[in-house]
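Both of the next two complexes hold subunit A, though its partner changes from subunit B to subunit C.
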Partner chain A sequence: MQLLAHITAHLIIYSALVLSLSFAVSKVNIWSVGHLGFFGIGSVCAAALLATQPTLYTFPCTVLVAATAGALLSALLGFATLRLKQDFFVILSLAFSEVVLGVCISWKGPAGFNNLARPTVLGISLEDDWVFIGVVLLPFFIAAGAVFVRFSRMRIDRVCALIQANEELAMVLGVSPLYYKVGCFCLASATASVWGALATIYARSTDPNQISIESNLLLFSALLFGGLNSLRGSILGGLLLVVVPSLLEATLSYSPFGGNYAAEFRQLLMGCLLIVVVRWMPKGLVGATTLNHSRGGR
Partner chain B sequence: MTDLLINGVVIGVLIALVALGFALTFSILKFINFAHTDLITVGGYLAYSCGRLKLSVVPSVIVATVLTGLLGVVIERLAYRPLRGQRLSMFLSSFGVSILLNSSITLCFGSTSRTLPIAQDAVRVAGRTLASAEVIALCLFLVLLPLSWFIFRKTQYGLAARAISENWDGVALLGIPCDRLVSCVFFVSSGLAALAGILLGSLYSLSPQMGHKYGIWAFVLVVVAGFGSIFGIATTGLFAGLLITAVMYCFGSYTFVNAVLFGILTIVLLVRPDGLFGMRLRRF
Partner chain C sequence: MPPLLRVSGLTFSYDPEAEPLLRGVTFECNTGKIYGLFGNNGSGKTTLFNIICGLTRHTAGQIDYYGGVPSSLSPSNICSFRHGLARTFQVPALVDEISVFDNLTLARRSVGERFCDVLHSASRLDEKFESQIEEYLRAVAIDPLANKAAGSLSYGERRLVSDLMALLTGAQIVLMDEPFSNVDAGRLDALKRLLRKEAREAGKCIVIIEHSPEHLAQDLIDSVFCLRKTLVVNGFEGSPQETLRVINSFTYDEA
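Presenting the complex of A and B:
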């Protein structure tokens, strides 16, 4: 039961993370490959608050601080770099994630924060994993999914579609692409930070290795595999990130390799999947939109 | 102090070699080949494997460089050529190749760091003792960068390669084998990454993640310098090496190196999007 709770919690957290990345990529075409940097910011904010004053900082306060930190940093990064070419922004976002990783490691070492206390919500103790999933993770995921679906029916979504299709036309019509892009990027990043905080509260610890370049690439592969602009696609991406490694570990434990190489085999699988998806499945498994190809050298 | 200076110059020289490979592929196909960072690691580990097979130093370096160059050609043929013209898809495909190479290296050699016992004997130069790898790095820098400039500026092959980036169909109509030329460029850039990987592995250590660390520094360097300037890459490389060593000396951590480099990169991109040398020497 403990393992099942662990897998369920991680599935919800990573599905939501893929959903927030999907929002940035599919709505305003921001290829935030270093998205886990914002997850790391939320994670570190929550851990720092809970480690210093566990009784003073309540659950809503912790989540709010994480969201604000993520939104502010993404606004700074967005205004500074979103006018750049798409592939330059990709590398800069990866670089940002590396800086966050470095700060995390320098602060608390490679092991990160440990033995954090879980705060209570409305007087309900969250010590039991299933209670935490039912009271915190599931409602947050449903809210994130509802916002994502509702956004697709709003006027702002059509403005974003216009910006993606023709930025010059949008500017002629009085729309500022930069403000819309930064706004959506802030929303996606703040959501990632919130999920970072929730993951830390759930695990009672932080793991800086979660925001390495390899993890960022795996997250992005999961998004493309599941499909862009789709709630179902994000859940499939989360499944690929959480359930497949567990299955691989279980399968490999019966093979000559043993279960120790599950992480490497998962990477190998994701690398192959990414190449296959980009070449033959530009919509992913259940995506609503294809990769937005920009023409370059032949 | 002099040791720090030499260390900075050597790091700068090696990053400039990697950056040159980045710039070569970008200038022709107009996409960032992220897998180039892992070819640094592949080169280092291939030299390590040759050493384990009892090959001596020079054959090990030649075999590792040629094999990495051929791997670069195979990657271009299988992962990038079918996606030509779709810059973003090629870029994402290079992520897939990067993950594939990185996990394959970890599966074959494990995730622990290893030493590469190549060119580690001491050499006396101008009254100072240097590692052979440092001297070789400086010699390669002094030979390969001017040679690359000469090939890309003064020969028919260089002219054709520059023309491909401007008008592929026009060049093909003139009977120039564009695909073969692109393969040659990938062979050269991957070989440069391998040479840098071998020397970095010899001077520091080999690990599956080393390519990402040095590769991202090289990318910062090439963007700050401007993609089209070999002279700019060389100058900025030396400056970047000294800066990295100074920051490492002051703070003792790579964290601050990354923060400083990316801060500079952001400022340069905002002020001069073509890079510091991009306007004057826009193309090879």
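Presenting the complex of A and C:
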């Protein structure tokens, strides 16, 4: 039961994270390859607040601080770098994630924060994992999904499509691509930060390994696998990140290799999947839009 | 009343070391008129359009829109300044994934729509604008294409849709880069009628770049500019025969 709760919680967290990345990539073509940097920001904010003042900083305050930190940092990064060509942004985004990783490690060492207390929500104790999933993770995921679906039906979604199709046309139609891009990037990053905070509250600890370059690339592969611009695609991406490794580990434990090589096999599997997806399934499993190879930012 | 568009002493060079592409270009465009801008390949016609709408920054000179200068010279700011500015591109630009009708609704963004309006549902648009789109589509006989994805259109159809998009913005200054290329004869006449109506009834000032002056001189353009580094013909107005003679002698003779 405990393992099932653990897998469910991680499935929700990673699906939501893939969804926020999907938003940035598919709506305004921002390849936020270092997206987990923002997850890390939220995670560290929550941990620092919970470790220092467990009673003062209650749940909504923690989430709010994480969201604000993510939004402010992404706005700074966005205004400074989104004028650049896409290739440069990809590199800077990865560098940002590495800086966050560096700060986390130098602050609390490779083990991160530990033994944090879970705050209460409206007087409800969140100590039980299933209660945490039902009261916090699931409502947050439903809210994020609803915002994503609603956005896709608004006129702003067409304006975003216009910016992706042709920035010069967008500009002569009175649209400022930079503001839309930074706005969407902020929303995606603030969401990632909130999920970082929720993951930390759930796990009662932080793990700097979660935001390594390797994890960032895994997250991006999961997005491509599930499919861009799709809620279902993001959940499939989350499944790939959470359930497949667990199944692989369980299967390998019966094989002659034992469970020792699970991490290596996981990487091998992801690499092969990525080749298959990019070559033969440009929309991923259930994606709504094709991966945009050629268009650069202005 | 000040002219809708006044360009004075405009100079532009891609390379500061080289001779400028445009030198001292000065002209005025007034309300209710259609202007033809002619010149050889590489004479700087499209560059001039790019400079006017802010996509390219000029080296020297001044451009006044509706007798004023916008606070920031970013293209989005220039194009929504006062009564707006619209332009079409040499290669017709559309959003391929959405329908022709939805593409035309994007024209609403530039003039008169506030940011909070884009947060409304895409299916809810004011009826007046919707019927205006339908009217324009009918005017050039492409109304059966309204629900087709823009990506599936032929080149000539894309051209017509992007021309309509510029007119639907409601901007009073309209710059059209080769609006008739690849358009069939029947629709070409319909488009000319629409442009004349826009100029006469809505008071728009329309500047057209074209390479085949014969049919335009006859029945469309009121005034002619010929560009060869600077304006060698500035606002010539005369009979179709005279206009044609002027265009041919000042643009294509000494290529």
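Here is the rule we use: the second predicted complex is superposed on the first by the 294 of 298 C-alpha atoms of A that agree within 3 Å, B and C clash if a C-alpha of one lies under 4 Å from a C-alpha of the other, contacts with A are read in each partner's own complex, and residues count from 1 in each chain.
In this section, a contact is a pair of C-beta atoms (placed from the backbone, for glycine too) under 8 Å apart; a residue touches a chain by one contact, two chains touch by 3 or more.
Predicted, not measured: the structure shown is a model, and the values here were computed from it.
> Have a look at where A:106 lands relative to subunit B and subunit C in the superposition and call it first, second, both or neither.
So A:106 only meets subunit B here.
> Decide which partner touches more residues of subunit A, taking subunit B and subunit C as the two options.
The partner making contact with more of subunit A's residues is B.
> Looking at A:247 after the superposition, I want to know if it touches subunit B, subunit C, both of them or none. Which is it: first, second, both, neither?
A:247: touches no partner chain.
> Tell me the contact category for A:154 with respect to subunit B and subunit C: first, second, both or neither.
second
> A:162 contacts which: subunit B (first), subunit C (second), both, neither?
Only subunit C is touched by A:162; subunit B is not.
> Tell me the contact category for A:146 with respect to subunit B and subunit C: first, second, both or neither.
It touches nothing on subunit B or subunit C.
> Can A:171 be said to touch subunit B (first), subunit C (second), both, or neither?
It touches subunit C, and subunit B stays clear.
> Using the superposition on chain A described above, determine whether A:86 touches subunit B (first), subunit C (second), both, or neither.
first
> Does any part of subunit A touch subunit B in one structure and subunit C in the other, and if so which residues?
Touching subunit B and subunit C on subunit A: no residues.
> For the complex, give me every residue of subunit C touching subunit A.
Residues 53-55, 74-77, 79-80, 84-87, 89, 93-98, 102, 105-107, 109-111, 117-123, 125, 165, 169 of subunit C touch subunit A in their complex.
> Given the complex with subunit A, which residues does subunit B contribute to the contact?
Subunit B residues touching subunit A: 28-32, 79, 82-93, 95-104, 106-107, 164-165, 168-169, 209, 212, 216, 219-220, 223, 253-256, 258-259, 261-262, 265-266, 269-270, 273.
> Help me check something: in the complex, which residues belonging to subunit A touch subunit C?
153-159, 161-162, 165-166, 168-176, 289
> Across the complex, what residues on subunit A touch subunit B?
My answer: residues 31, 33, 80-81, 84, 86-88, 90-92, 94-96, 98-99, 102-103, 105-106, 212-214, 217-218, 220-221, 224, 261, 264-265, 267-268, 270-275, 278-279, 282, 291-298.
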